Amino acid sequence: MQATPHPLPSPTPLAPPRAGEFDARIVSNEPVNAEYRLMTVEVPDGAAEARPGQFFQILCPHSGALQPFFRRPMSIYRIDPAAGQLSFLYKVTGTGTRTMAELEPDATINLFGPLGNGFTLPEDGAPIVLLGRGVGLATMAPLVPFARKAGHAVTAILSARTPELVMSEAEFVDAGANVLAVTDSQGTSAVENVEDMLHGLHAEGRLGALYVCGSNRLMLAAQRVARRLGLFGEAALEQQMACGVGMCFCCVRPFRQGDEIVHRRVCSEGPVFPLLEALEW
Amino acid sequence: MVDLSVDCGGIRLANPVMPASGTFASELADIIELQRLGAFVTKTVTPGKRQGNPTPRVSEVPGGMLNSIGIPSKGVDAFIDETIPLYADYDVPLVVSISADTPDGFADICRRVSVPGVAAVEVNISCPNIEDDGRAFAMRPETTLAVMRKLRQATDLPLWAKLTPNTGEIPAVAQAAEEGGADALVVANTILAMSVDIRTRRASLGRVMGGLSGPAIKPIILRMAYQCVRAVQIPVIGCGGIMTAADALEYLIVGCRAVQVGTATFVHPGAMLTVIDGLEDYCRQNGIDRIADLTGTLSAEAHDASLEWEAIA
Amino acid sequence: MVDLSVDCGGIRLANPVMPASGTFASELADIIELQRLGAFVTKTVTPGKRQGNPTPRVSEVPGGMLNSIGIPSKGVDAFIDETIPLYADYDVPLVVSISADTPDGFADICRRVSVPGVAAVEVNISCPNIEDDGRAFAMRPETTLAVMRKLRQATDLPLWAKLTPNTGEIPAVAQAAEEGGADALVVANTILAMSVDIRTRRASLGRVMGGLSGPAIKPIILRMAYQCVRAVQIPVIGCGGIMTAADALEYLIVGCRAVQVGTATFVHPGAMLTVIDGLEDYCRQNGIDRIADLTGTLSAEAHDASLEWEAIA
Amino acid sequence: MQATPHPLPSPTPLAPPRAGEFDARIVSNEPVNAEYRLMTVEVPDGAAEARPGQFFQILCPHSGALQPFFRRPMSIYRIDPAAGQLSFLYKVTGTGTRTMAELEPDATINLFGPLGNGFTLPEDGAPIVLLGRGVGLATMAPLVPFARKAGHAVTAILSARTPELVMSEAEFVDAGANVLAVTDSQGTSAVENVEDMLHGLHAEGRLGALYVCGSNRLMLAAQRVARRLGLFGEAALEQQMACGVGMCFCCVRPFRQGDEIVHRRVCSEGPVFPLLEALEW
């Protein structure tokens, strides 16, 4: 249920392929900067048909004292069905991502997916704007080629602490997005500035639908803009997961549904949700 | 061909492997062949609607996980209308897990879920009884007996009593459940536990304490299952930390009739099927024609010593 | 400089880290600098000579070990003559762990070990009481109170009561121990458990059941330690699954005054020293001048919910 | 206490170096035959002063589903103080030895030792006989160079299922032992035959003290011969261990001490015991 009307026809659902558990060969696993790494894996037929916004549950290996028990959810960063390859862009933070980072090419890693519901695109070819920070960029990156292929103009606002940490700029540009980088160090990433930029894009006819991921502040800004302009939008959200497929109810978050606050499971009812229903965290 | 079927607490299962309540839902049909399971066991349902506990609801610990999901429930009416029909097309017995916070509430929901399509009722008496200061029904033999008697009168379906490992007197509780009319025991639910994030000095669960499940608890629950097997005549279903067929075999060897697999499914969605395959392989390799014959084959010679066993010091 | 010293159950410790009974002996002096420990805790000694249990006495399980060592003991006389003098040259408080199978026997051995050189007596009331059908004293509040009262009259030394995690009512048992005169609680002993070798279909321990220790039990014992901290005024010493300083910190944060390290020493003989170093580092990094200030700093906001907590369902 | 008198002067105790826990670099870890592997490690100063019969507690790595919790006791097979190296000859049987077998050269492995009491030699340079089977050969191998250096003639009776499985023959010969191989397949390993061989060696003046390890049957045979001839002898025994240093009392075995049966800890009171006190298992 969309809380406000929007001027675009109902979005096209992208049916996900059947999820499965499999061992994938690691093609490469390289640092991108001091915090992030990019892992590319070879996957069996079908798995590379995954949709932008879907994710995999990754079984991180045990390594010495580091013994991750749960799988780790990771968005698909790059989808290459021709090569039968998928990539994950991940931040090395805790137990699981640290053991993931140790894996060498040709090692295998156990994946479960693709899972969850991906992004939906407006039907009428409206121009779209992606708004992301940090890990959120990984989640939205594959939306660019999909949207371009479906005939949408794409603008991406990439937010980061410093210009050096703006990730994936080339990835977005190569895929055909118009990229605007905003950073804390340059003072351009403030919410007010981003809201102004969004209004500017709208005035230029470049903002027909809005997608956001990776920052609570940006999501709230996007909601304000979408509400004001009556735009269709989606937010991709995170929550800790155990099963990844809707069985355990650990990954719930609160959502606005009409006048009610309801709990929805990020794994199976998301991770992509209608922008205006998401509540801040 | 190995005969994997077992008679278990009033129903016949094609094989002794089923999911543990709260770790299974119809969503799994997209991922594994549900038809191969010995039974379906639903997430516990309560009389009314409930939200469940605050997040974080899970946390990983060495060899397992903590959960304080609570019992988010859409209530028994929605359950009967929406959930039960989801399983109508499968030729697999459906076991419905229920709970309530008073004995009468328990009997009432038991009566209401006794509808066509349900093969047995699993009563989650590991949940708090507000008439006993919030202690779980299955903490003491007296409260177990009382609630089981009411439940027994509420349904003609087979009744499985799911015990809590947090009691200090599980054999006596098991006997009370049997006396109260249980057709089988599920041993057991999660063990109350906690963990702390030393950076933030906060409990890692929103609810502070939660239930420990997974490999870490297997040796404890296996011991309890064994104690229950020796205390009662009705079948015991082992549940706790089963990740592989080898784990399931331990439960069968100490005397369980069947097993439930919980947390393992979160790590390996196909875990239950791997367990079924492994049980079949073991039987074949060891010349066992019927898996039911494996139940209770723990080598007897050491039994006597353990009879007097109470604590290790 | 961080002040690591703590007052704990009637004695002052240079730091809050000591060995768990049964996992320490003077042999360790050849390997680590014993002088650095907060206290020495001896293997439980019984009034008379005992052989202990049949082998196999240990077995490894995921994240821990089972033991059914029993209490091989050379008897209290040999203990006083031979063992106590071994520790005379150290400037570290000596805590003697005792046990007996009747309340009077317990009081008697307590009196006998109250000799110069002994700083405190740890009473292992997790052991079977033959006057209560072989149930451990600490399984129930009544038997705990009774034995603690007798022990209290038998010695002027500080008395530490070591509880069993196998009871279903640890807060009530903790209160009974306090009421009976304990100066501190050790929470807790091992959890009764078992495992089976599926090739031979025999229990992996000669005695079938044994005590589970090691990382697998930490979340369970941490929860119990926290419950005890909230139930009593006397200091609680956390003991269960501590392998690293991070584990010890969890116990201190939930309110323990000190900790005991057991199984970890078998895997890493220097584990206790690593824990001490890690505690000091943590305090330094977090601007904590006295480790005693860390005790009970669990973030309060979630406490209320847990007060009503009884089971997770 | 030695249960029977023996004609040799009291043995020389070999004081062990202080035990410690350390990470050792693996120099090599190669299969010797289908069942056994030889691991050579570089150890810090002092550790290579270990004595024959002593052992190390090896921390086997975790690998996937294999998660050994206890350390694994392994006798020292070869001692090379000059190179600062030690070797272990081990049979790949269960969880721990399987993960040990996976380690590559240059990886590190955590060792704790040297532990326990090694073999003692008679003072008068009497000729000695070693009797071993399977893993027992690993335990006795380093005794050969030590005994030769101390001026003892050494005969080694090596028992195995087949001639191909007679291990370490070259090791024993190179170190200066006279080797006699007996095998099941050739029908030479029967206890009666071994007892006859021992009597023959005694008659030739080659049996002044007797050392045995690795087989219950051989130990009983050695005990009969030693009792009959009044010989000094030692047996190296095994038992499952946790602490390895005498604290936990899990590794006890029964021994004959005068008229009593007593329990002794294999780790700290052994693993080498007076031959005639050991009880069969």
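For reference, chains read A, B, C and D in written order, and residue numbers begin at 1 within each chain.
One rule holds for everything that comes next: a residue touches a chain if its C-beta (ideal position, glycine included) is under 8 Å from a C-beta of that chain, and two chains touch if they have at least 3 such contacts.
A quick map from chain label to UniProt name: A, D = Dihydroorotate dehydrogenase electron transfer subunit; B, C = Dihydroorotate dehydrogenase.
Worth saying up front: this structure is predicted, and the values here are computed from it rather than measured.
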{"item": "Interchain centroid distance [CA atoms averaged], subunit A/subunit C (Dihydroorotate dehydrogenase), Å", "value": "49"}
{"item": "Centre distance in Å when subunit B (Dihydroorotate dehydrogenase) and subunit C (Dihydroorotate dehydrogenase) are each reduced to the mean of their C-alpha atoms", "value": "32"}
{"item": "Distance between chain centroids, defined by C-alpha means - subunit A, subunit D (Å)", "value": "60"}
{"item": "Residue list for subunit D, restricted to those that touch at least two other chains", "value": "67"}
{"item": "Where subunit C (Dihydroorotate dehydrogenase) touches two or more other chains at once, by residue number", "value": "22, 61-64, 67, 69"}
{"item": "Chain contact topology (line, ring, star, complete or other)", "value": "ring"}
{"item": "Those chain pairs that satisfy the touch definition", "value": "A-B, A-D, B-C, C-D"}
{"item": "Sites on subunit C (Dihydroorotate dehydrogenase) touched by subunit D in the complex", "value": "22-25, 27-28, 30-31, 43, 51-52, 55-58, 60-65, 67, 69, 72, 214, 265-270"}
{"item": "Touch list for subunit B (Dihydroorotate dehydrogenase) against partner subunit C (Dihydroorotate dehydrogenase), complex", "value": "44, 53-54, 61-64, 66-71, 99, 124, 126-128, 134-136, 139-140, 164, 166-169, 189-196, 198, 200-203, 206-212, 215-220, 222-223, 226, 241, 246, 249-250, 253-254, 282, 297-299, 301-303, 305-306, 308-313"}
{"item": "In the complex with subunit A, residue positions of subunit D that touch it", "value": "61-62, 64, 67"}
{"item": "In the complex, subunit D residues that touch subunit C (Dihydroorotate dehydrogenase)", "value": "18-21, 59, 67-71, 112, 239-240, 242-250, 252-253, 263, 268"}
